[in-house]
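One chain, chain A, appears in both complexes that follow, with chain B as partner in the first and chain C in the second.
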Partner chain A sequence: MTRGIQAPGWLAKRSTVWILLVPMVAVAGLLQLFASSLVVDIYTQFCVNLMIVLALQAFMGNSGILAWTHVGWMGIGAYASGILSMAPMVKSLGVPNMYPALVEIQVPILLAIVLGGVVAALVAALIGWPLMRLSDAVGVITLFATLIVMHVVMTQWDNVTNGPRTFFGLQKFTTLWIAVIGAAIVLYVVHWYRESSPGLRLRASRDDRYAAMAVGINVVQVRYIGFVFSALLAGMAGGLWAHLITSFSPKAFYILEMFVLLAMLVIGGQGSVSGAFLGTAIVTAARQFLLQVEAGINNSGALTLEVFGLTDIVMAIFMVVVLIWRPNGIVGGREFTWPLFRRRMKPAADGATGSQQT
Partner chain B sequence: MIDLEFMINTVSLGSLYALLSLGLVFVYGILKLVNFAYGEYLMVAGYAMYVLGTFTGVPWYATLVLAVLTAALVSYLTELVAFRPVRTKSLTAMLVTSFAISVFLQNVVLITISSRARAVRFPSFFSQTITLGDATVPVRNLMIIAITILLLTVLTLVMKKTVLGMAMRAAADRFSTTRLMGVPANLVISAAFLISGTLAGVVSIFWVSRSASVDPLIGMAPLLIAFIATVMGGMHSLVGAVIGGFVYGLLFNVLSITLPASLISYRDAFMFVIVILFLLFRPEGIWKGGYTEERVG
Partner chain C sequence: MLTIENLTASYGAITALHGISLEVGEGELVALLGSNGAGKSTTLKSICGLLRPGQGAIRFLGEDITGKAPEVILKKGISMVPEGREIFGGLTVEENLRLGAFTSYQRDRYRADLDEMFALFPILKERFTQAGGLLSGGEQQMLAIARALMSHPKLLMLDEPSLGLSPTMTDSIFELISALRDRGTTILLVEQNAERALEIVDRAYLLDTGSIEFSGTPDELKRRVDIASVYFGGEDDGTCEVRL
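Coming up: the complex of A and B.
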């Protein structure tokens, strides 16, 4: 190491986290000082989305299983934290036929958000074990089916979720800095998990299931750990999201929203934390830009018709192009490490092995 | 409860679902791709019927044929433009691509036509009923059964007797080996997508005729049904898909009758719980076709 700054051991070991954290916090600081409240709101939303995408990466990126369920964990976290944090008066107003036992509970918001994550993790723990035995197409369909089941329960269980109607009355708690701190913690934890023993074993099972089993890895077990762990994070992120948005309906936790999250992860590169970070940043920026364009076109009256859905079309095309051009995402499964742009000897072929067809 | 009317309706529902799941499995068998855009082929056919029936003077039979052809064409085009370049990449890339196509097609229709449902005209005999003994059944249901028998016979003959059919069956078993035998991969896959789209188009006629209207999200429900039916029947064989379709139709009608009114809104959740249980105890489905490699532990 002759060039670059010699980093201390603890810094070098987690250099990826620092490389991503420093710009994230710096941008937040700059926005706080100079930007309009609209931009600050967008950045807050970005940080919350980042938490969810990182949680998704923790499971999907390391296990290679396309996980549809995470928007559902987010939803469970959102509802659970909302029910726990709201005042009984507000609750009985907003959800008229909620169970009386639930109406009376009220805990501090931060505790409610953590408990929301715990509830999501408990549900994941309850249903996860059998699901983790399935891989490939059957696994995808099953997780997709699980999301539908969660959605049906959310829209129908009106004693808890107010049914398909809006669930409202949450206090606004998530500010820019709370979101930044939350994202920083999740970033650190997810990176730690990726490098930890269970994470490493999970990645081994992704790259070659049978070889991993042959060296004594309990594939179902390591997947299960990852599943519950990422449900915990996604649930807590959902709680933060709920206390940012303050009113929502089950529609916010369904297929189209999951598509946006998947787009973020897949465009950036599902194999690494850096990919999840970059993908979330790019997609958030692109979506905001396109939404502005869409609104601009509609307001200017240049066209006789209103162009709703333009954003989604462009996102879909963008996604397919990225997948054709770089099937492992822009980052391609690698992490940014210090010093930057050093060529690694082993190219990471995340996700491209094992399940290859044709 | 189990009378002639129930039986005819169940068989006709099962026939529709059998065609639906067959279309999904044709592509899955060869490419191992769960095509999330499959429902959108139905939607496209529905809109083709709407546009042709409303804005042109094309006779109804030509409208129906053109609608089926449109679905087949769109299916083929998605293969050509999107699936072919990512085919050799990871499974996740392909799945996400299929989902992106689904979002794309939905939003194209949303922009060019409308987000609201549009009425589709059908010839009057589609909605008439006929009395057989003590049963009163819609003519449509009998037509579904007849067309299903016809299509299944034709497809069986194609798959068993023609070179292309045999190549497709071989490709579904061992794709690499089939290619080594000199079968062009692109041809087989394109044929699978064309058949898949055709089946979606045929199903679309009957699906849309039930409500006589079409909206951009109409593809979602049939897609889910095809998922459930193929998983129950067995994803690895065409026979399994047909069986799964019929079993799903039966299960759906039985649940509709037996579930108490307070739980009927949870019917979809029940269906999916059944799928999940099914996968856990019998991941190969009712009809076990070939080997399965999806399961660990």
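Coming up: the complex of A and C.
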């Protein structure tokens, strides 16, 4: 094995985290110093999205199960943290029908965000066990149905979510640096989980369920751990999101938003933390660029008709192209590790079969 | 060591095992032979808990393990190498081996076990950080066996280890199985390649459509049973791929 600079053990073991973290923090610093507030807002949004996509990767990437539910955990985290953090006065104004017991509660925002994650994890723990027994198409359909159930509950439970109407009045808590710190923590934790024993066992069950059982892995159990863990992270990310956006409705936690999150994960490569990171960065940048183009075309009046949905169409085509070109996403399930471009032992042989790696 | 009494198993409405009984003694190398669909793999899956048996009893070291969960049975000391080299293709060789050891993971012992596996299979040391899916067929089979050995099994079950391997690789696998027996590992071997298996085993059971047709030493088996007829269902069956 040829190595460039030998990194100390603790650094080498988590080199992926550092390779992703350093540019993320550096860009945040540069934007804070030189960029307009609009760009800072976009970057803050990116960091919050990154947390949710990483949470999604922790379950979906390691288990191989297409998890539609995650935007729902984000929603539960958003509503729960909002209800816990808002002042009673504001709550009774915003949600007139709210249960009196809920109106009374108020805790510090950070605690509310953590508790929001705990609530999401508890719901996941309650419904997860039977769902984790199902695999393949059946598993995907039931998770999709679960998302629909969560959406119906959010739109109908007047006394908690204000029904389909907007839930407003949250304080703005999530600044650029809070989002960056949150994303850094989630990045570390998700990478740690991937390499940990439960994470490794979950990845083994993804590769081959029967072989996993033959080496003594309780597939339902490791999936369940991953599901609840990932719901906890997604719920907390939802809390940070809620305290960035400050007003939202159940529409924000449904199929369209889930599709954007899935696009971020799948384009980057769901098999690795690096893929989740890269996918979120690329999709966020591309979406912002396309939105500007769309607005530019409409404002300039160059065309006699208004352009609608350009962003969504181009994003969908982009996703199709990437998936034809690289079915496992841009990084193809690999992690960035230090040294960055290590020579393989047999470069030719690796190159020939590398694209078939799952 | 392992005793099976009147075991039945079925996949839905189809009964795969009609009450078989067999025994594997400590230190023995026993083969389970039979044609496709005879119930060999079903027997192994029932023993290691991947398939819930219908009736009958499976006892291991005097303890009833019938219908226990796979991880419980593995902890008791039965390890299986599944058919078709089912390794984890997306994980590295190192991760594959670590998974073999995880039920009883101890860092010091893990290091020592790794060195032992490298001595048995030098190729695994060379490929240590590569994805398992990039290994050749024979290397994958070695990895699957090494992974099973990492849990220090008292009984090792191999499901068709020579399936789809080149003749040279088949030779090395059979040599390896003999070597493992000589080290004292008890082995239950399922094989299509009956001729090769009979060269190395102590005893053999012959399965036919879910029942034990014969059991005894390889010599007795060769003398008393026309293996080809059991394997290929008579002379008018022209679909055989293996010639004896």
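Convention: the second predicted complex is superposed on the first by the 339 of 358 C-alpha atoms of A that agree within 3 Å, B and C clash if a C-alpha of one lies under 4 Å from a C-alpha of the other, contacts with A are read in each partner's own complex, and residues count from 1 in each chain.
In this text, contacts are C-beta pairs under 8 Å (C-beta built on N, C-alpha and C of every residue); 3 or more make two chains touch, one makes a residue touch a chain.
These figures come from a predicted structure and were not determined experimentally.
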(request) Report the partner of chain A that touches more of its residues: chain B or chain C. (result) B
(request) Classify the contacts of A:R206 with the two partner chains as first (chain B alone), second (chain C alone), both, or neither. (result) second
(message) Per the contact definition in the header, classify A:S197: touching chain B only (first), chain C only (second), both, or neither.
(response) second
(message) With both complexes overlaid on chain A, does A:L262 touch chain B (first), chain C (second), both or neither?
(response) first
(request) Have a look at where A:P327 lands relative to chain B and chain C in the superposition and call it first, second, both or neither. (result) first
(request) Based on the superposed arrangement, let me know which partner A:D158 touches: chain B (first), chain C (second), both, or neither? (result) neither
(message) Just checking: does A:A214 make contact with chain B only, chain C only, both, or neither of them? Give me first, second, both or neither.
(response) second
(message) Under the contact rule defined above, give the chain A residues that sit at the interface with chain B and also at the interface with chain C.
(response) 213, 218, 356-358
(request) Sort out for me which residues of chain A touch chain C in the complex. (result) 1, 197, 200-201, 203-204, 206-208, 210-218, 271, 333, 345, 349-350, 353, 356-358
(request) Spell out the part of chain C that touches chain A in their complex, as residue ranges. (result) 48-50, 69-71, 74-75, 79-82, 86-91, 95, 98-100, 102-103, 105, 126, 129-131, 133-134, 144, 147-148, 151
(request) Note which residues of chain B are touching chain A in the complex, please. (result) 28, 31-34, 82, 85-97, 99-101, 103-104, 106-108, 110-111, 115, 175, 185, 224, 227-228, 231, 235, 265-266, 268-269, 272-273, 275-276, 279-280, 283, 293-297
(message) Help me check something: in the complex, which residues belonging to chain A touch chain B?
(response) 64, 66, 130-142, 144-146, 148-149, 152-153, 156, 209, 213, 218-220, 256, 259, 262-263, 266, 270, 305, 307-310, 312-313, 315-317, 319-320, 323-324, 327-328, 351-352, 355-358
